[in-house]
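In order of appearance the chains are A, B, C and D, and numbering begins at 1 in each one.
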């Protein structure tokens, strides 16, 4: 990412990730301290019981955490690690991964992400993530 | 999963997950206390710098942990939550997600997973995961 | 904990934990969806560089998460697991572990906890935790 | 810690932590890639049901992970973050927190810790932790 990151630039970064294109994630919000990634649910993203696969949730959490960290740390960041707690099956037509920076230093940001399933306007948190984003190098 | 799970059955379960087919994961090992999932690296699975996307690592960790838990808890299991620590960029031609059950009770199993990148026979751990798998219902 | 838990009862539960008495933790807030534990910093709780020991932070996070879960799940709860990210050394005269329930089902609650160091009225988040609290039995 | 850390030096470091003295932890093993901390169970360390308090387990996990990381990273290390999964109540007369380095780079080590309760020679894993230890500065 470049030092000054705009939502358009964030979308370009996401689009430069082949795996994000495979999942078809998009940047919905990208502003200081906050990033939201969205994924429309389609058959390819499900698990054997018809719910959104946990791997899609963890992918989205990971990426949204990194993008949120990027809004304050800028440029070159990576996820050191994160944890995710699953609470409910992922039902709905849209996954909204809403991440924010809880607190940051010059080199690291602790971020949290709510994994929200949206369906016909109703919303429900189905999982929650937290992780540390670090400046590279 | 059925009560008595064979490697063949595990492969069928994985194949019944559309997202696992999208990623093209396969079951390499499935035996009491241990499960290994493998994913061949291809362009679609990369991030913007040419490394395996973290989301593929977290997908594989999540699923391998669940499968490992399934080897001892049988039938209906899900991942309550897990954490993953990234240590190095994912370089190589094959991702091998090697999970094992550390300890279990009748209803829960604590499992760990080494995320190993394989390239020309050499291997390197690039990330590590740990989580709790629980019996459903 | 009893089904209907008042702040007074929560304080009694905390006081019935010998380790919490050793640390000298107290319940500062206990209301639906939220629990705050406080620990006054004293020499016994430090590490070798004069900061609050990480173990005190993880103790407080663990307990505050459990108490927060208890505000919605009532009675018999335990922490299934949690993760904690450290951001800064723990400096200050008071640790305030502020936990809330992000989302819950009948049997489980995903909770988060901000670990805040207070000093002369100024506050700073030094660590962050997240975990799952479950009904026992 | 000094660059070349001996078990004796590790014990001195632990003893320089007032909170570790309060808990009465000791270094049982300290060798390249591995560190074991032990805590004898006594009334002061229990929770309200007579089991070892989760906070003692998380303290021991945190510290053992850091010490294990210190065996390979040397000198100045700290825990970036860790996660812990609880599987059983902590029953027994001795807690043995057995940590090892799974993999490390020059600046970071991913470590795991088995939390084992020992009683009359029998042993049982009651919790498991994993975290990242980083070089300071």
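Methods note: a contact is a pair of C-beta atoms (placed from the backbone, for glycine too) under 8 Å apart; a residue touches a chain by one contact, two chains touch by 3 or more.
Given the structure is predicted, the values throughout are model-derived calculations rather than measurements.
Of the chain pairs A-D and A-B, which one is connected by the greater count of C-beta contacts?
A-B
Farthest chain from subunit D, going by mean C-alpha coordinates, please.
Taking each chain's C-alpha mean as its centre, the farthest from subunit D is A.
Between subunit B and subunit D, what distance separates the C-alpha centroids? Give it in angstrom.
Spacing between the chain centres: roughly 27 Å.
Taking each chain's centre as the mean of its CA atoms, how far is subunit A from subunit D in angstrom?
Computed value for the inter-centroid distance: 32 Å.
If you average the CA atoms of subunit A and of subunit B, how many Å lie between those two points?
21
Using the touch definition from the top, which residues of subunit A touch two or more other chains?
Residues 80-81, 83, 85, 132.
Considering only the defined contacts, which subunit D positions touch subunit A in the complex?
Residues of subunit D touching subunit A: 80-81, 83, 132.
Quick check on the complex: what are the subunit B residues that touch subunit D?
It comes out as residues 83, 85, 87-88, 102-105, 108, 110, 112, 114, 124-125, 127-132.
Note which residues of subunit B are touching subunit A in the complex, please.
Checking each residue of subunit B against subunit A gives 13, 16-23, 43-48, 53-56, 58-63, 66, 78-86.
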